[in-house]
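Next up, some structures in structure tokens.
The following pair of complexes shares a single chain, chain A, combined with chain B in the former and chain C in the latter.
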Partner chain A sequence: MNVNSTHQISRRLGLILIFGLAALIMTYLSYSLPRLLPGDFVTAMYAGSDVTLTVDQEAELRAYYTEEAGFCNYLLKLVKLDWGYSYAFLTPVSALFLETFPWTLLLLGTAHIISISIGFIAGVEASWRQGTRLEKGIVGGMTLLEGIPEISTGVILLLIFALKLQWFPAAGAETAYAEVSFWVRVLDIGHHLALPLITLVLAYFPGNFLLARNSMMMIIKAPFITTARAKGLPDRRIRYAHAARNALLPLATRFGLRLAFMITGVLVVERIHSYPGLGTLLFNAIQARDLPVIQAVVLISSLMVLAIILALELVYKIIDPRIEYER
Partner chain B sequence: MNLNIKNLSVIYQNGSHSIQALEEVSIDIGHGKCVALVGESGSGKTTLGKACMGLLPSNASWKGRVNINGQQLENLDESVLNEMRWDKIAMVFQNRAGNLNPVHCIVDQVAEPLIQRGFSSRKQANIKAGKILEQMGVYREYLYRYPHQLSGGQLQRVLLAMAMILDPEIIILDEPTSSLDALSKLFISEIIDQFKSKGKAVLLITHDLEIAAGLADTVHVLYLGRILETLPASDLLLKPLHPYTLALGRSYPTMTTARDLGGIKGDVFYRLVHQHGRHDQDKYRHTHIQVPDSSHKDGHAPPFGCLFQSRCTQAINRCQNENVPLEKIGDHMVRCLRSGIADILSLKGVSKSYGNVPALYPTDLILKCGELFCLIGETGSGKTTLAMILAGMLKQDSGEKTFEGRDMDQWAKQEYQSLARRIGVIYQNPAESISPRFSVFEAVAEPLKIHKKAMSRESIQNGVSRVLARVRLSADPSFLKRYPHELNMGAIQRVCMARALILEPALLVADEPTSSLDPSVQAKVLKLLLDLQIELGLSMFFITHNIGLARKIGDRIGVMLAGRLVEVGPADKILSGPRHPYTQLLINSARGLVKNTFKPGSKEIKPVGCPFVSRCPRHKDLCREKSPEMVDLDYCRVRCHFPLTVDHLYEN
Partner chain C sequence: MKNLKKILVCKFALLMMLTLLGTASFTAHAQVDEIRIADSKGDWGYPNAYRHYPRGPGYVRMSWVYDTLIWKDEKGYIPALAKSWTYDPKLLSFIFELNQGIKWHDGKAFSSSDVVFTVEYFKKHPYGWVPMGDVSGAKAVGPNKVIIKLNRPYAPFLAYVGGVMPILPKHIWQNINDPKKCNDSKCFIGTGPYKFIDFNKAKGTYLYEAFNNYYQGKPKAKRLIYIKAGKPLMTLSTGKADLANIKPDMANALKKKGMIILKNARGWNKKLMINHRIAPFSSKRFRQALACAINQQEIIDKAHRGFGYPASFGLLSPDHEFYNPDTPTYIPNPAKAMEILESLGYKKDAKGFYIKDSQPLKVQILSSNITVAGDSVADRDGEVIKQQFEAVGIRVDLVNLEQATTDAKVKKWDFNLAISGHGGLLGDARILNRMINPKATGSVNSARFGANKKLLKLLKEQVSEMDVEKRRAIVYKIQEIYADEVPAISLYYPASMAAYNPKKGIKWYYTHGGIGLGIPISQNKMSLIK
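This part shows the complex of A and B:
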């Protein structure tokens, strides 16, 4: 027992060490890579304008907007939770982040939860009705939908429902400057959320559906399903407690990885629908060569990947008892 | 309240091809009875089990009637059937990885039916499941483990416990003992015995013939979806009537049989049902058997007749095109046109004396097709006389003999040649049985010429070299030209053997055929003879003094004493538990357990009484006065007033 627990602790420590090292490498990359972008803030700001800078002015500006403090300094600041100032917005990066992140989380989280739960249930039910005409049609349609990128669905939805029919707003996350009660605000947010959300759900749902259906198809043939049927269990019990429970694992992986690549995944949709989330922030920052913001967003998204992979490890152990034992 | 299956046929549809898994199978299992289903894989055993549960896959179509506790399965609504499953009829599935759900712990899976049917709360159900698991030998610390954390034997116990949770009246066990150690097997068979004593009906599907023979009341032998034989379980290994049952028994290693494992020639997978032709007019439907080397040609003739004919060693022309009904023979039901394993030769009251010296007292003996019979006994007991009468070389004084259903004496009188072709003989003294003026080639080829089986020089040469290869002799020209005096005894004996085998006889009678072979050649030659037995169904009658050899190759053993057969029976019965004191003496002498038995004058035989009386330690007055008759005793026949029992065996 004692030996076992010591062994476990040392294994945990090793895991933390490895993840810490990975985080450090990520930090270094997110610090150094954005610097390799051609051009800088000064050229980005003045390149398109009529104002012509003298050489002295340019050098002065450049000196102002360039921090050559080095990686160690950057790391130290990070530890003190000092993310630096945005060149373009002249506000702390952390404030920008806190402003945009909730919107992204709302959009993406909702999209994922909806697409994974509906996709899973639809996949399970479809696999149970395998071979019927309806099922075949749905699977065909889903395969087609899976091939359409979110950029086209987003644009089409925008054209039809926002511009033509004007059912939904075309941009933003809520009506600006409105002083309204809580519930009206919630409705307003929902109204703005609808189009980007539908775009994302349409993008993620078919994959989840097909994955759930395919893993179910394998599991339905497993001997333990026959055992469950022989036991005279209710049909729904067999479908969910026995079959679907085993189909969960590949879906959890997909969910985790999709969530991990949240920011890049949401960038396109946020741009199309001008949704004020992290993706839009990153896009603007790159355009303006706003180095501190780029660094922060890249760093945060990479750390998020790490965190989610770590979380997945734990989730796996819960949903599949075989995993811990095999190590 | 039991399980009745009547004329059940199952076909798995698979496009235009379909597989006939079961055909008109009828099985009855009453209360407290255990019925075993044996047969090779692909014979439809598991399909039958699943059919009883109503669990056939969607591509299976079935006909016939399955009656569970008085309810007709085919009339039941799926929801009613689902209620019956596990509650009335439960199945222990074949223990493979994946019969249990990998993500639920075992106690939950065992308790699940109780909870889902609302019989008890989760907590109570888990307690009950824990109790049953404990009864099955899965202890408390394992309850919350997952299937992958248990060993194969433990999983088997979990499956058993799971089937027991609702206390069903009918239990189907699919290979419950495969891949289990001897102790776990014993445990499982005790559990099955408990089921029986609780009045449950048990259907045992198994490859394990020993378990089937030990636990079941009745055994059904299934082959390609048909029942070939139904027999009392105790007869399964000792007195099968169908050639397939015999071949299965020969292939199964038991703890008592010392004989080399046989096998069944050929191989089959399943039966295909298909339909040919693109246009309606040349569409026809037929079944054929899928075998490993089949190259199925369009429009081939559909096979009629016996399913087992291609692998049967006693198949005759009728077997190919006549329908084979299930026929009642004694307490067996046999599906064979020849009424089970045929007799190749039978003697009735055959006796022989030389002048006034009786050599053979009236003797009855039946040789079965494809059987290897070993005759043992001391010198001068009449073994060779019996063998020569069998071979048709010697005419008996009285009694009659029948060979392949024809009276042998008549046959010999009318066309001796055709009879002689069917019986090959190897004589006791090899050197004297070959003419010294014949070369090896001439000696071996002679039967071919006499019987005009091969006329051209080339075909004779081919025949000779093939048979020489069989007895492991060289077919080199220089060897073929040699004369007997140039050969050693081992080679001469093998030349005799080649001579006896070259006409491909149905029966080989051999008087100590391997006595002068060295052990390595003897092993090879015997292996070859056993192969011939499996491939061609060659029947053999061997005289031997080597009891170890008889033990290794004999299906049955006969023991001779002073012109009488004193004990006949299955080899393992005779050798592990001799009933006649003389047999025991022979076996013990062979084992080196007996010393100083030779006393001058002790072999004196009086005309009345048992011939063994002067040497028998157990003789009583009756033995001196009356000659004992042959009596049937536990699959053997013994000529003794006071046969030994199993207890005597352990005394020694």
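This part shows the complex of A and C:
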């Protein structure tokens, strides 16, 4: 075993240790922070309801819904993949997560892939046409679009395409309980996905475009691009194989971090379009003080951030082999 | 002649064919394929007594599956599982004659033993909607007659038990010890017009299928579907839903699209909760000064574009049969408010705000979005009230909080003033006990006011008074005392509306006194039956 490989192993072990420690801290925070919310499930569910509880009934309900197992027990349960039971639904939190996660992944994943692909290509092409009227116009437009929040885009799209033109449905992920074939259902899901997806793409695309363009602007001035041109390489090859590849790094970081903040990032759009994802689940759980669900979603969300940062560490090296970590 | 005969025979055959076709077509259209109802929250829990959320929309979702002894339509009480009912004061009992030939969704026969079992089960495993404290027990007299005995005369019995209690199948529930945890499909078997098929927690959708053996007739729609949609205007106008609650300013647009607009009576009130346990709010005169400083109509005009009605200070709605037209009222009068404050020792400082013992008179108002008939409604009332109080010289710290946080603070008496609201004002007058009695510790809408012993005595008496006219007199008096004490200030009744598509041939309506305990939602199951 040479010095290099020993260093590699120790570096990786160090990395795993740091991430493990961070995961433990995040688990503790996801366990303890939701408990600091004012009110509890019984108050949120019954206090303003049509039912007037007696003191005994209230105490009985509180005893039924309150778990004071302590952090160690919570951790032990997590190790056994037991995320607890939702107070509101009295069903396992894992089942709720599995019901909502695919919808968020479909919406956010598709939005990211589309916005990053279009943003990257458009950014590369715009930088190549630097100084032209077209480039200036697009950059201006994108800067403007970048400043418009999802909530405004979502509502405007709804008004035009759902209410006025009636091209797309205003709410939901599919027509509830439609008795249709598999392919018609797929089309229906796509039809429902369109507006929230466009809202998110319009929110993410300008940032990706501007980032790709700015990165490219610096790269195309680099000596190796001049060399490539001098060698008479085809224009497209220089643009994508030589220049654009080097502009990928910041985009990969942005992609990762956006994906990591999946739940909070998509919450507004899910609410506007009544889309049944993780954001909606978290929102409803906070309103109802459904502690096990809040804890689970916060934990998953924070662990996802860690996992993606870890993945990015590895991806950087693949994207740009020149990256060397300090010894 | 022969030809004429042939022509007549042909004409007759044609006529018969047309008649048959017509009948067939009528039969085919008698039951529509589906009805879709939209609401903004979607998820209201599973539709049985122990799993639905304790708010109106949760109860309504359950009501499709479970029938009660009696029910209400747009005019009042109607028979349901019981075809007739009487009260026997000597026996201190209600006697119900049950309909015959009723089946549960699993095909088993319904009988009086199921009713007796339900009473016992709810006594053992309390169901918040049906307080059983005044019910002694139930006895079956043959398969079609039940006697429910009371501990004492209990006037709200029909409103709180007979017309609300979902009857459970004994053959299923007798083996269930933890009703909250029952996930099995058998826990959703009832005698109601619809069978529960599915609830999607993530999407907030519900699917019910018609129970064609329903004892009151075949339901008008084969499937009943609830969908989650936050934009009723879009959902209705694009045909994605057939019925939804709407905001009043959508009414004209929807009417133009051929929708029928339903207007509800005044059964829900927005109110200002007062922490009467602490000074200066513990003073009746001070609370009256607040009432004089408030201009109800201005709140309606500024915060709700005029869609609402000023509320009675006696809590009961003017549309309630026991409403007292002589309930004391507080005409907006800033001068009177200032006069009262000055009589309590407050003096104005240089800036025009009151001070007492060198301390400024400053109140905090908590405000939050609240749920009205299942929809979250933004609150702008706090801003208008702040202006009104400041106009008379009371400094206001307006704090906008998320609803559960406000509820938690109100519940713990950790507040000065808070904007809240509740329905039930068209239902039985027992709502007065729930919204005034200091024992109602679990409610954030209840004034929990125990300072006036006479008021407490009258509240106790009114639920025991079986004579309608005598009870009315007591309830009149309660409203007078309540309005004089102002332990909380009813502000206004928001205009409550729903819209539906008449093309499906269903006539929806608001129930007389509200569904069950007084739920102001236009989704009465009888709309799909009769």
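Everything below uses one rule, namely that the second predicted complex is superposed on the first by the 321 of 327 C-alpha atoms of A that agree within 3 Å, B and C clash if a C-alpha of one lies under 4 Å from a C-alpha of the other, contacts with A are read in each partner's own complex, and residues count from 1 in each chain.
The definition used in the following text is that contacts are C-beta pairs under 8 Å (C-beta built on N, C-alpha and C of every residue); 3 or more make two chains touch, one makes a residue touch a chain.
Here the structure is a predicted model, which is why all the values come from computation and not from measurement.
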Chain B and chain C placed together on chain A: clash or fit? fit
Quick one: classify A:149 as touching chain B (first), chain C (second), both or neither.
neither
Q. If you stack the two complexes on chain A, which partner ends up touching A:91: first (chain B), second (chain C), both, or neither?
A. second
With chain A at the apex, the angle to the CA centres of chain B and chain C, rounded to a multiple of 10 degrees, reads 150
- Query: What is the contact status of A:232 with respect to chain B (first) and chain C (second): first, second, both, or neither?
  - Reply: first
Partner touching more residues of chain A, chain B vs chain C, is chain C
Closest CA approach of chain B to chain C after superposing, in angstrom, is 46
Contacts from chain A onto chain B in the complex sit at residues 222-224, 226-234, 237, 241-242, 245-246, 319-322, 325
The residues of chain B that touch chain A in their complex are 50, 53, 55, 82-87, 90-91, 93, 96, 98-105, 112-113, 116-117, 146, 148-149, 162
Counting only contacts in the complex, chain C reaches chain A at residues 36, 38, 40, 42-43, 45-46, 51, 53-56, 59, 126, 128-129, 180-181, 183, 198, 200-205, 207, 223, 225, 227-231, 233-235, 237-238, 240, 370-371, 402-405, 407-411, 420, 422-424, 434, 439-446, 517-519
Touching chain C in the complex, chain A uses residues 37-40, 43-55, 57-58, 64, 88-91, 96, 99-100, 103, 158, 162-163, 166, 169-173, 175-177, 271-272, 274, 276-277, 280-281, 284, 286-289
